[in-house]
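Would you mind keeping the following structure in view while I ask a few things?
Think of it as A, B, C and D in the order they're written, each chain with its own count starting at 1.
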Amino acid sequence: MMIDENATIITGAPGGKASSAPLLGRDAEPTLFELSHPGRRSWSFRTTGIPEVGVEDLVPAIHRRTAPVDVAEVSERDLVAHFTRLSHRQFSVDLGAYPLGSCTMKYNPKICDTVAGLPGLAGVHPAAPASMTQGWLGLMVELEETLCEVTGMAAATLQPAAGAAGELTGLLLMRAWHDAHGATRHKVIIPDSAHGTNPASVTLGGYEVVTVPSDDRGCVDMAALRSVLDEDVAGIMLTNPNTLGLFEEDIAEIAAAVHRVGGLLYYDGANLNAILGVVRPGDMGFDIVHMNLHKTFATPHGGGGPGAGPVAVSERLVPFLPGPRPYRTGSGEPGAAFGWLTPERSIGRVHTWHGNTLVLARALAYILANGGDGLKQIAQVAVLNANWIRQRLHHTYDVPFDRPCMHEVVLSTRTLKAEHGVRALDVAKRLLEEGFHAPTVYFPLIVEEALMIEPTETESPQTLEALAVSLEAIAAEAVRVGAEALATYPHGTPVRRVDEARAARTLIPTYDAKD
Amino acid sequence: MGTYIPHTDEEIAGMLAFLGLSDINELFAAVPEAVKLQRTLELADGVGEPDVLAHMEQFADQNRARNDRLVCFAGGGAYDHEIPSVTRALAGRSEFVTSYTPYQPEVAQGVLQAVFEFQTMVARMAGLPVSNASLYDGGSAAVEAVNLGVAATKRQTVWVSEGIHPHWRQMLATFAVGTGHIIRTIPLVGGVTAWPADPTGVDGSPGVVVVGYPNYLGCLEDLSAVRALCDRLGALMVVGADPLATGLLRSAGDWGADVMVGEGQVFGTTLGFGGPYLGLFACSSSHVRRLPGRLVGETVDVEDRTAYVTTLRAREQDIRREKATSNVCTNQTLMAVTAAIQLGWLGTSGLIEVATRCARATHYTRGAVLAVDGVTPWAEAPVLREFAVRLPIAADTVIERMADAGFLAGISLEGAVDGGGHGLLIAATERRTADQIDAYAAALAKAVA
Amino acid sequence: MMIDENATIITGAPGGKASSAPLLGRDAEPTLFELSHPGRRSWSFRTTGIPEVGVEDLVPAIHRRTAPVDVAEVSERDLVAHFTRLSHRQFSVDLGAYPLGSCTMKYNPKICDTVAGLPGLAGVHPAAPASMTQGWLGLMVELEETLCEVTGMAAATLQPAAGAAGELTGLLLMRAWHDAHGATRHKVIIPDSAHGTNPASVTLGGYEVVTVPSDDRGCVDMAALRSVLDEDVAGIMLTNPNTLGLFEEDIAEIAAAVHRVGGLLYYDGANLNAILGVVRPGDMGFDIVHMNLHKTFATPHGGGGPGAGPVAVSERLVPFLPGPRPYRTGSGEPGAAFGWLTPERSIGRVHTWHGNTLVLARALAYILANGGDGLKQIAQVAVLNANWIRQRLHHTYDVPFDRPCMHEVVLSTRTLKAEHGVRALDVAKRLLEEGFHAPTVYFPLIVEEALMIEPTETESPQTLEALAVSLEAIAAEAVRVGAEALATYPHGTPVRRVDEARAARTLIPTYDAKD
Amino acid sequence: MGTYIPHTDEEIAGMLAFLGLSDINELFAAVPEAVKLQRTLELADGVGEPDVLAHMEQFADQNRARNDRLVCFAGGGAYDHEIPSVTRALAGRSEFVTSYTPYQPEVAQGVLQAVFEFQTMVARMAGLPVSNASLYDGGSAAVEAVNLGVAATKRQTVWVSEGIHPHWRQMLATFAVGTGHIIRTIPLVGGVTAWPADPTGVDGSPGVVVVGYPNYLGCLEDLSAVRALCDRLGALMVVGADPLATGLLRSAGDWGADVMVGEGQVFGTTLGFGGPYLGLFACSSSHVRRLPGRLVGETVDVEDRTAYVTTLRAREQDIRREKATSNVCTNQTLMAVTAAIQLGWLGTSGLIEVATRCARATHYTRGAVLAVDGVTPWAEAPVLREFAVRLPIAADTVIERMADAGFLAGISLEGAVDGGGHGLLIAATERRTADQIDAYAAALAKAVA
């Protein structure tokens, strides 16, 4: 038995073994660029019968590129293997529980994929006139009306592509409204528990951030709020239930106080899932509301997007909404039931086209499947699941604000850290090893060593049970083996803890940046 | 219980008991009665999935302009390109579809590596070293580019070519109200931007200059002039480029651009009535710390194995809060992964091929259309994959008539450029055949007669 | 820190953690029955408006079941998680190289999935009259004509659902032909290298198996063949190239000899991939030919099926083909171009309907994409890849018949076993650990410790390289660490070596059979 | 190089050089020139995927009887059932689709466990302890059942009810030529089998008795009589059952069947013009060693973890060769996995629900159809989800006329039973609405007038 000496290497590129398939889960998957070999190809196009004019006759010399863009050259077979193997290195809702607080990682019904793939929706050009896109306009109007009923608002724009986009849109609406009323204001109030997009959006809206602290209930400190309220306050941004998973009980007083100084209330709808059908932002006194359809209405997160962040407003703000907006013309003529209209004092366009439309279609399908009755049950069970976790674990982990929560609960490893040096991060990483995704950690910022758990309503009781058992076991293990041992986890994941500092220190943002 | 809720009534009762509650509504004790909704939502009750599908199919059926019914000659930043089964299949893998932003890199290498590959491909097309992990769409990328430029130059004035997509320009105007930027539109003459020799008026010298390549009318502008202009003014050069056209055209970086933005829908994303699309953003290294949105970087794990992770997080809203470079959080990752797959399918030769086929189809269409009585070129500047013509009658009327003949004729230039009412923007992709184009021209002759 | 004592278990069922997701790849995935909890449900149906008559009024008492069938009760979310996790425990072509000899595990183009999903093909009832299924009949006729050109035969039946079904169909054709010519014969000859389905089919065809040995070239021993040829021989079944991956060079002589005694030649098309466009069974003298569309024409194997095994025959056997058959009527009337016809002496129906029709559609799409030119290249590169592997490894492993092979090569660990006790199975299992699927082992039976490698044409040179490097490394490792150590592999797979003996000894064919 | 071949010309040249060859055709030196094809195949050259799709879409378009164009009232063993998106999505996972028969259990637990779950579900529906991993279709399952029965009883005569699907009976006849079985058809009278009191003629006493439940006409037969008959004759009782009907009906095992066979298409597999479908096969423990096809069993791995593997392989062709219980190798695994998923979606309550809805729709349809002048019941025996009627004119004519009204009216009984030319077999699944059924009846009234 010997190895062939004059065995020729036919190519240096690495081979197509399932090296990264978690079936085996050891080696890294090479990049597409490493798998690439000159001359391979996957593409094919239709026969067109169009004369094959040379590039010289198509592109003037000064515009013509000299060297081709080096993309990557692989066979279709290797392309499929590469991305299939990458998918095996990725956790997802479809693989298991994903209790990522504030992200509402609920089950994404497959029916909505079918809807988003309908040729009659997916194949429509956005610039086609209203007369030829009545279905889309009707769908959008139906969704807008539905969202308004759910939030208790008068009208909505479906343009914002995500929550943060909705926030900025809302702040520009705020500004437009104040400008229209001759009062330029400079400050927007947000609680210290607010999500980072809130202050960032405030800045982009041209306002100055004024932060109010939370009190010992985990709610806005009313006294502190009153102390900053004045005629220069354009409005306040609130998440309710807030990012601690607690309902702002003084919401009515807050609304009254802010309105008294002529400010507007902005509702960050990231946590809307908790109150569907129970209480509506409009009824709480909010003037502007964004929704994260990719949270509350189960459109898939796609590894970080796309989302959709429609913004609904009260009557007085309708004239300022972005445009053009789809509306019912009232006309009975075929192809004329719906049209486009730009509000007379519109802040203008906030999306290149009409919003993340296919995401809107998914959300409407989801709402229709659940119905008004189902939406309320969603809120009820989402809150039930979170409270069950809280009750089950409140002896095992610290619960900074230990009272009934809404759809999510914020735990803390404060004691574990003090007594055993175990941090929230260690618990999160250890949980990955158990086959669950980790909770959100270190948010909200006002809770030290925060573990923010949002089970959502689609996790079954047995999954809650398994999650609780794992978290209890980890706490016990932390005491038993200590911080160092715990800090070595995870072990069984495609990669183990990564060197984030190095990534930032010696930045490698592309394959070409590698020395 | 609700459609997708697993719980049985017994389990709910058991869980409530564990909480010491007897009624599920007690969970909402913290909500003041005064604000509670005292009625049920006025929405239909939930229905089974087949009914839902039937309802949605009705909407789909009412869209006449679907590309399986009207042959699509419309472009304007959204193109009817080939999307092979392989791209649909891979981009549809539920691990990519149902995961969140990769906060836990140990279990998110799939998305992270795919985005790293996407960033590399975008950077190569842009001819610039850094690309982010995606923004909402082309327009939002342009807005972020202007924000970056103003922050970098500390000058609020922005010159935007009229050749930039009218919707992008509208977005720039919308968001400038918040940022206080001064947006000045520089007109097109003969299809190309007529840059002023020097800053005039009160606005002062611009910190950012934004130009389209090809521009909205499909025309190719000489960007060396823009580079020279920016050098003279000390402004950042932002190019809004069609990434697919880079199969044939010089890249933005090659022309000296500081930032390239673009619409990535052309790489495997369906027309979908305009969303979700894919905002592309690439820039020179000097601006990396002002980069908006997420950035994936390569690093190693504790066993020194290659690993990927989102990096330079200190720029972002969740850490930097009101001082963040941008407020973007959720972006368009799935479309970025889709683009990486589609570009992998195209590869080096396919990117050239698809651009060439689009150019051929467009030039062939242009020839046929200009042969129609009364139809004249809108501009004489060279075009690549899209072009504008002047019609003897209103474009809207022509578009309606062409639909009856089975075509989505293009996009009216009404509102896009002065006197655009008689202007029609026409694009022909690699999916168009000679027969379709000949029939289109014949139908157009009737429509304008 | 303590664990809540009176924490209630809300359900005993295991939870939905990604325990089996090979992201972590340790724990087993519970069965759907273990995940089941009374009262969960996923199903939903449309609103029909049909009166809700009670079961008593629908089913007479004696027919009505008393206890429901206990299927399993899970939420849609848990259903999705369960099967997605199971998919992560499964190797596939899409994950990596699958050099399983005799199985032709080539890349299955995704376009064919799209074709099989076309509503106009997938939504057609098989009993609809020809006038309403002209598209399907036209598709089948086009495929039949194409397959006849590829094999050099006169006509074909598309009914057989797989290769083995094709074999039995072919043997019944053989029998019908002999019966029609008044000669009842009793014997069918097969080489000792034949696949197991051949003898099994011979028996079901009512014939007696006569086995002829292979000679030292790995081909049919001509002398031995002549010695068994007589008037009682109905025919011979050959695979060419044979299961050793070698071309039966004497095929012309074999054909002549068999025909001389009035026998027929049956071609087992499992290895057709090797000779597409190069040589045709019909031109070699075969009378009956089956094809495995799920091998040669890239229709996916589906974890063990479905396949399709059309049988093509020479002119003289056409009258005996199964019926009904789609055919060109020659009529110009709309909806009448194609019809059904049953040959006058047909052996009858061999499939409940018309065959695995959607598999047929996939195969035609694949053939159209490749074209006549592409099919020949497939054979060329399939053979090239196999020979490259043979040449690269023939110093490392035994090559029983060391001469140019066709699309697959049979290696052996005879020396490794003699000198180090390492068996083919050990090499195969060790290869799994490398991220490749194993080759076929212990087949053909006439080669001891056989490792049968069929790379197929869709594996790129770098994949061949990686495969060869791994096989060389394993051979070296075998010498280094010895048989025992090697026998412990695989380690990184979802499960390690399984106890097959126990499975047979204490049979557990269903979840209910568990004590 | 060919469409799906990765190799470049250079690589091929390099590989040939390594083999000491100069021309790729030299690889075929072993093929005698005399038999080689001296021309190229007379097939069109390869085309791009878009052209392939266009070609296949033409065929699809020429099928008038697609269930999105004609409302389907046809059954006869192939039914138009709901297939939810979730079943399509999961069954379409490429790990299930592109893997081979699980020869290496260490990397095939996904398919193996799914099949183990499938076997459990089939066994439960059959009321029998053992199920195999699938056969080609209902008809082939019936053939295998007869082979098993003859082998078990050593008696070649088989009694087959005329109520068994006519195509199954044709297959039994086809394969009996090879096995030498004597197939005797026992006629239906009034929709149920008229079993002879005793064996008559030369054939002798049957070793196997095969009956349908419900039978081809949709009628429910009293199987206790069949069990008694089999006991008297010492024959094996084989029931061809509609597995979906077990949501309401007693299982085959409950009636005392030794073997249950059935068509599993009803569980998530598209109509697809008849294939690929799913042959179900379940039997009593005493026959497990004669079981045809693959069988998955539970066991453990070296670390004592639960694992699944194909077992009792000694029955199979690759080991037992000419003495194998069957020649089946490739079967219909993907359809078995699909059925496990669909049954998981239905669950205990859904199986009852879908059977009940089918029964309601069928009875509602029957009422409406029998109200049509000149349409009379074919038989009086009770039906569940399908029924037969006698028409005043030829069924084929009616089916053609009904198509013009937008319906696939059903299946003509021509050739299925004596004088079937005027018989129409009608099925209404859970997908049929009252409106559709009312319209169907109205159209039928016109069609027969």
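Rule of thumb we're sticking to: a residue touches a chain if its C-beta (ideal position, glycine included) is under 8 Å from a C-beta of that chain, and two chains touch if they have at least 3 such contacts.
What you are looking at is a predicted structure, and each value in this text was computed from that prediction instead of being measured.
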So, comparing C-alpha centroids, which chain is the farthest one from subunit B? D
If you tally C-beta contacts across B-C and across A-B, the winner is A-B
When the centre of a chain is set as the mean of its C-alpha atoms, what distance in Å lies between subunit B and subunit C? 45
Could you give the separation in Å between the centres of subunit C and subunit D, each centre being the mean of its C-alpha atoms? 18
Residue numbers in subunit C touching two or more further chains are 10-11, 23, 27, 37, 40, 44-47, 74-78, 80, 84, 88-92, 94-95, 107, 109-111, 113-114, 369, 388, 391-392, 432, 458-461, 490, 493-494
Residue numbers in subunit D touching 2 or more other chains? 3-6, 11, 14-15, 18, 47-51, 82, 84-86, 89, 94, 107, 431
Which residues of subunit D touch subunit B in their complex? 49-50, 82, 84-85, 89, 94, 431
Name, in rising order, each residue of subunit B that touches subunit C in their complex. 3-6, 8-11, 14-15, 17-18, 47-51, 54, 84-86, 88-89, 94, 107
Can you list the subunit C residues touching subunit B in their complex? 8, 10-11, 23, 37-40, 44-47, 74-78, 80, 84, 109-111, 113-114
Subunit C residues within the subunit A interface of the complex: 1-4, 7, 9-27, 35, 37, 40, 44, 75-78, 80-81, 84-85, 88-92, 94-97, 107, 109-110, 369, 388, 391-397, 415-416, 419, 432-436, 458-470, 472, 475-476, 479, 490, 492-494
